[in-house]
Structure formats: structure tokens, C-alpha cells
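Right, one structure below, let's go through it.
Think of it as A, B, C and D in the order they're written, each chain with its own count starting at 1.
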Amino acid sequence: MICLINKTEIDVRYQETDQMGVVYHANYLVWFEIGRTKFIEQLGFKYAELEKENVVSPVTDLQISYKRPARYGDKVYIETSLKLYDGLRTIYAYKIFNEENKLLVEGNSTHVVVKKDKFRPVRLKQINSEWDLAYRKVLNGEM
Amino acid sequence: MICLINKTEIDVRYQETDQMGVVYHANYLVWFEIGRTKFIEQLGFKYAELEKENVVSPVTDLQISYKRPARYGDKVYIETSLKLYDGLRTIYAYKIFNEENKLLVEGNSTHVVVKKDKFRPVRLKQINSEWDLAYRKVLNGEM
Amino acid sequence: MICLINKTEIDVRYQETDQMGVVYHANYLVWFEIGRTKFIEQLGFKYAELEKENVVSPVTDLQISYKRPARYGDKVYIETSLKLYDGLRTIYAYKIFNEENKLLVEGNSTHVVVKKDKFRPVRLKQINSEWDLAYRKVLNGEM
Amino acid sequence: MICLINKTEIDVRYQETDQMGVVYHANYLVWFEIGRTKFIEQLGFKYAELEKENVVSPVTDLQISYKRPARYGDKVYIETSLKLYDGLRTIYAYKIFNEENKLLVEGNSTHVVVKKDKFRPVRLKQINSEWDLAYRKVLNGEM
């Protein structure tokens, strides 16, 4: 039922490679971050605006499987979707493909919203009720 | 039964922080890498030497849970151990603590050894039989 | 007389910030790299292709001045031009602007082409004579 | 007359390499940062403490020359000294050597102290008069 998927194209940066001749494994987490930023923008919100409310949204759990390496000179495509949202936790799912549509990497990340000073969790609804509503709609297949 | 644990101290680098005021989540993967490099050195081997055999050892799966953030100015301690080794796959487990011995992050990563040109898997034993033996001993609690 | 300038837009990545709340100073070097990659592509060449000839093009000198910080959520614009090319050395000049057209950073980087194994310099003409010719034309204002 | 030099050892991280097979050029800036952090600590101060005064110390200019590449598996040594301090600006000089004492990289960076909110410059003396005094002594060869 969940159908909203954001597709974002990324050019592999030389800086993202390591001496294995492929993209360094931690850099896919940066691409995940770009994917969820664009997913959020597609819904009409901006993560940068959220932080102006004195909250941040750290990762609490992350899982990633590496199937094929991305290389410098490649374009890659990241597909981001919402897997779970319960008001406190948000789980995004990611798939990264190359130009031949071969799956390179898949994974997911769990996030909470916390006060910037003490890292104490708050409900997204208290910070931005429209965003909360949008995520509920996405999960119900209404967006 | 498995008892070999490498403990390595790391000074948090300013560059490792982000505007959340804490260490950027992908950077813990770099610390995991330092942990397993030191674990390997503690056994008498060097990953850099392995790559001279024209093989590399990419990550195939990685899982990480973030409990508390590390901050610039902190010293952190990474504990690395061997969770599984079957000749083809190696799984390392990691725990990162702060100076008050509070758990910040835990996770594990799965690795294979592949030929550098085609990323085709090979058995570690074919590349370095002593290393293979050492890992079997560690798993049996003999080291 | 030199007029070819490549303009490339970059979205600031969260990962590129540090706890100062702005883009970490070393990351502008990554943007310089993106700028020269796009400059090269605008001329019809690809740096990734050059490396297939078993050569690489390291930086030998770099100078950068920071005027104003870039922040997460900003779009920035990098302008890259060719400042010098003598067959052996290439110097690129960069200016990075924000959306209000305020100058954030300016700098330049010097590059040579070297054999990948020994880092011994070679003339670009020996590797790719069309590229050599294009750079001479750019410097003469013919492109 | 200036004689205080901090020497700090750094193990090259795998993550710091790129597909050229050497340390990515922007990463030397991170090592410069480690060098000046240690230089400051050698004088009895901590940069992390300075930021608690609601000021930060961004780089305003940086120059770097690359002589020889550092590689994974190497230990490198960074020598940091104070080149200039006038109350507002501080210039640090850096030299990075390998284990054979060959010079890999040299450079310098200029810093100011600014209020974190508006990036307006302040005199170091207003924030930390002991630190200001120590830097004057170092420049006079008294430390």
C-alpha cells in the first residue's frame, strides 16, 4: 500500500572512493541521508527548517547490505521510502541502483526527534503537526 | 568461549562532528575499521599486507545501534572481537564506550575476501593460511 | 582573454557540516574537485577516462581563502576556470558563491599528470593530445 | 627564535585513501587540525574549552604543498608551530613527514576567533588572556 518513493540521482565523487578502487562503505550512509532529505522535500518539508525548532533527528539504528560496488564515474540512483512511522520513530528504507538498474546497496535507518540540548525524545507532532500528518498519510497509501 | 578483545583508544576529531554538535553517524564506521585493523594487528597480521596479494576485504553487511552521542573533546574506546569466521565470511563485533564506560554505539560488520579486479570471493586460507588458522583458534577460545 | 568558466550548482550536504554549524573547511576542496570535473566535462573529456590510461592527476599545491561560511540547506555555485597550463602543470581557479551571489570561498589548485605506479610526471599531450590542445585553446581564449 | 614545535604521530586510516591508492588531498587538512589541537594542548589549553565561551575559530586562509603521497599502512608525523600571532590572527605552520623522515606535505593556516552566532571577530585576549599571553611568549621564543 505504501507507494511514495523518492528517486534521486547522485554523481559519485572522487573523494568518495578508497584505495579498493570503489566507493568507501561509510559513504553510502551519506547517500542515504541525501535520499531521505529529498524524500522529505518531496512531501513539502525541509529538514533544515526542523532544526530551527531547536530539535535534531539522529539515527538510532542502521542496517546496510552491500551487493555490488559503486565506482567513480558512475551515476547512482537512490530510492527512499517510509517503512514505519509511529509518532516517535521513523524508519526509512533505501535502495541504491546503478545505471544498468543493478542493485548496489540496500538498507534502512531509524530516527527519532530529540531536543538539541539534552537529546531527549519528543513527538514529531509537537514540533510539526503537518509533517506528522503527512507521514501517517504516506503509510496509509494516501500520498 | 571467545575471549580475545582488542581495546583501542580514539581521540574524537573536530572533523568528525556535524552541526548536531556530535559525531556524525557514518564516522563510527571509520572507528569500527580502526578497531578491526588493531584487532588484526594484535593477532600479528596487517591488513595492508593482505592487499599486496591483490585481494581486498569489503564489507558485505553492517548493523549499528546508536545509544549515546560521542562529542569533540571526548576520548572513546572501541572494543573489537570476532563473532564468526567460516573460511569465507568474517563477522566482527564492536562496542564503543566513553571515558565513563558508558556504551555509545554497538554493531557488527561482515566481510569477505575478494580478488581486487573482479570482486570474486576467495577463501582466506588460500591467501594467508596462518591468518585463517589464527581466526579458527580465536573462535575456539585458544587465543 | 580566458573566458571559459564552468558553473556548477551544489546542494550542501548535512555530512559536510561540523559543530561550528557551517561547512567544514576541508570540504570546499571536495567542491573544487567537483568544479574541475565539470569543467573538464564541459570541454568534452572525462577525468575517469584519463585514469584508465594508468595515470592519475594529483594536486601539488592548493591555496584557499574563506570569506563567508556555507551552511546546510544552502545551494552554492562553484565557478571553475583554467588559470595556467604549460603541458606539465595545470592550475585551476575556483570561486564559490551562495544564492545571494556573495563570494564564500576562492582558491586555486595545481595539478600534474603522473604514472599511477611511481608518481613520475608525464606530459598530458602524451596521454591525450586532444585534451592538451583543448587546454591550449582555452588559455588563448579560442574556446 | 621560535622554537616550540609539537610533534604528533598519526596512523593513516583506510578511509583516508582514495582510488589513486594514496591519501586523499583534503585529508591532510584534517591532520593539520590534529596538529594544531595538539600544539594547543602542549601549551596547556584545549580548543574544546574555547568553544564553550560561545566562540569558534574558523580558518580564513590555507596554503598547502604536496611533495610525496602518504599511503595506508604508513605512520606519519606532523610538526606544528606558530608562525604569527597578532591578537586577532593566528598562523600555524605544518610539516608532515613519513617514517623515513621524508617531507610529504607542508602548509599553513590562518585563523581568527569569532562569536559563534554572527561570525564577528573578537580578540583572543578578551576570551582567554592566558592563551593570548602564551602565544606571545611562544613567538618571543620564551616558551
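Miscellaneous remarks
Operating definition for what follows: contacts are C-beta pairs under 8 Å (C-beta built on N, C-alpha and C of every residue); 3 or more make two chains touch, one makes a residue touch a chain.
Computed from a predicted model, the values in this text were never measured in an experiment.
Of the two chain pairs examined here, A-D and A-B, the one linked by more C-beta pairs in contact is A-B.
Distances between chain centres, each the mean of the C-alpha atoms, put D farthest from chain A.
Interface residue usage between chain B and chain C, two copies of one sequence, is largely shared: over half of the residue numbers at the contact are used by both copies. The centroid of the Cα atoms in chain A and the matching centroid in chain B are 25 Å apart.
Chain A and chain D, compared by their mean Cα positions, are separated by 35 Å. Residue positions 14-15, 19-22, 26, 30, 72 of chain C each touch two or more of the other chains. Contact residues on chain D toward chain B in their complex (touch as defined above): 11, 13-15, 30, 33-34, 37, 46-49, 51, 72-73.
Within the complex, the chain A residues that touch chain B are 19-22, 25-27, 29-30, 51, 56, 58-66, 68-69, 116, 119.
Every residue of chain B that touches chain C in the complex is listed here, in rising order: 14-15, 17-22, 24, 26, 72.
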